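Alright, structures below, take your time with them.
Note that chain A is present in both complexes that follow, paired respectively with chain B and with chain C.
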Partner chain A sequence: MIYKTFHIKTLFYLLPAVFIFLTFNVIPGLTSLVLSFFDFSGFETNLFRKFVGIDNFIKIYEDKYFWIALKNTFLFVFGAVFIQTGIALVLSIFIFFGNFKFSVLVRSIIFFPCVLAPVSVGLVWKKILEQDGVLNSILGLDYSYLSSVSLVMWLIIMVNTWQWIGYNLVIYYAGLQSMNIELLEASDIDGANWSQKIFSIIIPLLWPTTILNMILNLIGGFRAFDIVYVLTRGGPAHYSEVLASYLYYYSFSAGGPNKMGVGAAVAFVIFACILTIAVARIIISKKIRREN
Partner chain B sequence: METNKINNYGASFKRSPVFYVITRIVVLFFIIIIIFPLLYTLSLSVRSPETVYSARYFLIPYEFSFANYIDAFVNAEQKLKVSFPRMFINSAVVTSLSVTLIISMSIFAAFAFSHLRFPLKESLYNVMIASVAMPAQVLLIPLFYILIYLGIINTYQAVILAYAGFLIPIGILILRMFYEQIPYELTEAGTVDGASDLQLLMKVLLPLAKPAIATCVILLFLDTWNEFIYAMIFMQDPTIHTVPVGLAKIGTSRYQVNIGTYSASVMITIIPVMIIFAVFQRWFIAGMTMGALKH
Partner chain C sequence: MVKNIFKFSLALLVSAFVSISAKAETVITVVDWQSGVGGITNAYADFIKEFEAANPGVKVEYTQYTVSTYNEFLKPALSSGKGPDIFAVYPGPDLDEVMNAGHLVNITKEADDEWKGWLGNNINIPELSRNGNLYLAPQDAFTEEIWVYNDMIEDLGFELPAFGDSYTVDEWVAIGNAAKEKGLDGLMFGPVEAWCVFDGFANFVNQGNQNYPEDSLGMALDGKISWDQPMFRDALNAYKTLNDNGVWRKDSLSMDYQVQAWGKWLEREGVGIYCNGDWFISSAPADYNTPDSLGITMMSYPKLSSDSPMTYNKATGTNLGINANSPNKDLAMEFVKLTNSPNASMTFASYGQIPANLAQVDMDALAASPNLLFNDGIKMLATEGRNTNIYYSQAEPMKHLYDGIMEMFLGVTSVDDIVEKMNDVTGYSG
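And now, the complex of A and B:
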């Protein structure tokens, strides 16, 4: 520490960043919670004129599409947290221990979609999945995948997995590179085969990395909007809506209801979900620390 | 070096033919899955308009043509009122200014968090950590009105300030952790020599923090260049559309563009990123890994 106590010069370092952070992050975040109790549309100047209590929440509670959006969001998060992390785990172990000649190239290829805009990725897949797309030519089918109510959400999850699997992969790879190798050497002497090594040693040792990947995917899962927007715009008939796109539809969409108070209520729900998870995470990590 | 390390403890992995075959099949499968959609879009974009619906093995065009790329440029300019070069300039302006603003402010703020004392330090820091997990859409509606009140909606500043508020915690998080890893003796020696805190930051910490700043640049570049919803809602004036917004309009518009033009438009946004990635891939992968491990 340079100063033992607070010094006025500290503000010079701190204020620009904190000012921007408060004005464009904390204040809008809190305002959003307040706005969910007001009724306003995109054309008003005084947003706080019409207080409606919990009407906005009743409105979304009674809207069947809100529940679809909520269910889809959880499904999406589930896919990102378990399916995507699981595939990345297997893939990273295979690439790391598979003695590939071009393992750097393999990783770069699988990682590459991560640097693309989700909008570009969505549009690439949209043409593949459309009725006259190449998937139907390959499979010899004539099916409109993106208009299938039961399939559409899984396809969105698949496209998202396609884009982000490389991200989890390189994080796992970093975990594998820093793994304690003594146990593996010992198991070699004991004559363990490859599947025993993977299930009894490598996967348990990678557990902290798995938790990290799951948390990253959980946070990313609630953010998903771009990919839904370009692939389906929430369709068919709102069946692939997630909370973020539902918020957009209610508040900003050109053909939508233009009810921003309802949008703010949806933001409140997203906020509550993330907050619950964040608090749970802090409690769990404190518990683990106490046990150790 | 890496392979030597594996050889040392990979004995049973190398000995097992089953493992060898399974890894080849699985990894090859995933490489095809990753590459095929991109190659397919590339293939569509270089087919001549007459042969656009057919190709050898789904990928090799019967007739090559760059007409689709010309169509894509013309289509964007006529229907969107914003040309592709203009979109790239818009994205470049927004990205470079946001990244510069965020990093220059984070360098100083992170120093206050790591080396100086002030009231409510850890509470403020916890709020920043929590805000990193918050989806951007939560701030969307109030930000929209704040930007209207400030009179900067539909300008570059609208999006730049929104990005700054949203991404500053990431810069501060990464730089603070890095500053704190720098050995205490170094700053101590500086203080004994009579260096002021500003000199300490500029002459001791910053030169050592170059890798952390590189990580920030990469993470923030990707976040801002690819960002969509803020750019779409805060800059609705077509002439200042960024690349993702313009592309989304082309790809999801009511009037259908033909599949060749569509694919060429998508490729125009992918190819520059592909070139940058090919050159800097190590930095991208290292940067994103490092950014994730800081969570």
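And now, the complex of A and C:
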């Protein structure tokens, strides 16, 4: 009886959250999935007027810009997961153990871009990277960084890293503060040098924090849109398109294809990518836990 | 305590009453993408004042977006069935989509005789009509062209072409090279907006169109004729020459027209601005357009060669649709009718915006206004030459053409590849 009361009460308390989750996540998500099988321009009131089967998926499969967007998305995710996390780890260890005078100020400066709107960050960096921008003025060059097919994605990754590295750093810093310092003191007594301490004690102890940072960056990476849109609008000629900007191009872009059904198909691909990685992570985590 | 609760309740009641009475008036919503186009903004402010005075209890809410952000608003608004009462529609593929979705009032069917009389020949304007019925009410007319600062051209040692004439592609290359030496651009260009690329291409094609006035570009987009013809190849090569010789900066490839290219031209970073038009007369730099002197010259797109026929892009700019599902449809129609009236044409003109219903106004009187750039715009619109259609419905081929030209700018595809791809996409079978 007690169990039953608890059960109903629990459900009752969960209702608002379930309602919000269903309204803003599950229902739009399922609608989007269904929409990917329809020819919908975005203007019709009847979203499901013309069923086209898997035509929208075939369309993106045959579009070379989809593959460019997919490749760029994985490149962006790679940058966010490995480069951004890696630099944040190094910086956090350096600042935490460095014990230098202005470490709080340095941390604040590194964290500062996180509080800025990505659109503002994009606009500032656009001014820096433009052909007549700050960088070329300093270097005395006339190079178009954002119109370089080979360079543009790396620049977007750099700007994204610059903005969000402070966020990872703060999480690492919290991890370092909660670390059992006695282990390091013991290693001192055992005569361990700094390299041994970092690679054999600090990094292994920070592993859960690293996983957390990587997952946050991975999810953020797949959802990247604003920084790409503001810096390049997916250009030049779609060569810096990521999946989210490619979705936008198909759905809303002025003078674009006006195919929201195709956009929904792209959204499904993004969902599938994140789901696959999330499931893989759970399986691997379970396996590691079992082995330990 | 009870007193405070009473005060609070009273305040709530009063604010609720104010809110309800504020909502008691009928609101007509008007939306377009003409952000930054001063002539349209000012003219509409006058129309709204006039309309609200004539219709007590009716309020008109006018919102402007940029071209790039317009669909983000319009699509969710229309598909939710709660779209604005009046909204601008691009007369290309968007018109077909919006019309087929049943959002647009058939103006030919529902307009009264007075309105039809004001529209004159515009009631049959092909790019705004489908199946012989007008769905969009034209507001302003324009010639689409290149604008240059006269003093910059002279500083570079070039002569301005005679009115109505323009430079050749090669002359633009020479101007671009001279400009680069002074740290400037030959032309500011905003190809992120697809129309900026397509409209110039259409002009180039028409210059080489041996069958003019046949719409060869329209036929090619329909797959009825091959893309492997000199008129299409020459148009692509003209673009390639301008781009590869740096007439516009490489950075242009990630620039939009309405904000970035136009903004940089206003800051005099480029001698000319590509794909500009009379819609920006009212937003032209005031120092270069005074009643005493005009420091800006408008000219058509680059000529393929010195003996190419003069070809002009002439069209209507803001084209308003009336929401067929609006609860205020009659009022919305009244408002749009007002914008097509002879008085409205004069209002547009007074703000330097060339009205679409030119038949309703005295052209000679118009072309003698103190706004010298506007006068040139009127003259340019009356200039004889080949007229280029810039509004087509074939979304898919146009997308591939745009992508092809942009890739050609980047050097990752060739003219041959584009021609082959276009034949493939349009289904031309030979």
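Rule of thumb we're sticking to: the second predicted complex is superposed on the first by the 274 of 292 C-alpha atoms of A that agree within 3 Å, B and C clash if a C-alpha of one lies under 4 Å from a C-alpha of the other, contacts with A are read in each partner's own complex, and residues count from 1 in each chain.
Definition applied: contacts are C-beta pairs under 8 Å (C-beta built on N, C-alpha and C of every residue); 3 or more make two chains touch, one makes a residue touch a chain.
Keep in mind that this is a model prediction, so the values were computed, not measured.
Participant: Which chain, chain B or chain C, is in touch with more residues of chain A?
Facilitator: Answer, by number of touched residues of chain A: B.
Participant: Please indicate which partner A:G235 is in contact with in the superposed arrangement: first for chain B, second for chain C, both, or neither.
Facilitator: Once the two structures are laid over each other on A, A:G235 reaches chain C alone.
Participant: Just chain B (first), just chain C (second), both, or neither: which does A:S253 touch?
Facilitator: second
Participant: If we overlay the two complexes on their shared chain A, which of chain B and chain C does A:V149 touch? Say first, second, both or neither.
Facilitator: In the superposition, A:V149 touches chain C alone.
Participant: After lining up the shared chain so the two structures overlap, which partner does A:L47 touch, if you call chain B first and chain C second: first, second, both or neither?
Facilitator: Both partners, chain B and chain C.
Participant: Looking at A:Y65, would you say it contacts chain B, chain C, both, or neither? Reply first, second, both or neither.
Facilitator: second
Participant: Show which residues of chain A both chain B and chain C reach, each in its own complex.
Facilitator: 47, 132, 233, 251-252, 260
Participant: Considering the complex alone, what residue numbers of chain A touch chain B?
Facilitator: Chain A reaches chain B through residues 1-7, 9-14, 16-18, 20-21, 23-29, 31-32, 35, 47, 90-91, 94-100, 103, 106-120, 122-128, 132, 134, 137-138, 162, 165-167, 170-171, 173-174, 177, 181, 184-185, 188, 191-195, 197, 212, 215-216, 219, 222-223, 225-226, 229-230, 233, 243-244, 247-248, 251-252, 260, 263-264, 267, 270-271, 274-275, 277-278.
Participant: So in the complex, the part of chain C that touches chain A is made up of which residues?
Facilitator: Residue list for chain C touching chain A: 33, 67-68, 70-72, 74-76, 78-81, 90, 92-94, 97-98, 100-103, 192-195, 198, 249-254, 256, 269, 325, 395-396, 398-399, 402-403, 406-407, 409-410, 412.
Participant: Quick check on the complex: what are the chain A residues that touch chain C?
Facilitator: So the residues of chain A touching chain C come out as 41-45, 47, 65, 130-132, 144, 146-147, 149, 231-233, 235-239, 251-258, 260.
Participant: Flag every residue of chain B that touches chain A in the complex, lowest number first.
Facilitator: These residues of chain B touch chain A: 2-3, 5-14, 16, 18-20, 22-24, 26-27, 30-31, 33-35, 37-38, 40-41, 44, 53, 58, 105-106, 108-109, 111-112, 115-119, 124, 127-128, 130-143, 145-146, 161-162, 164-166, 168-169, 172, 187, 191, 197, 200, 222, 225-226, 228-229, 233, 243-244, 247-248, 251-252, 259, 262-263, 266, 269-270, 273-274, 276-277, 281, 284-285, 288-289, 292-293, 295.
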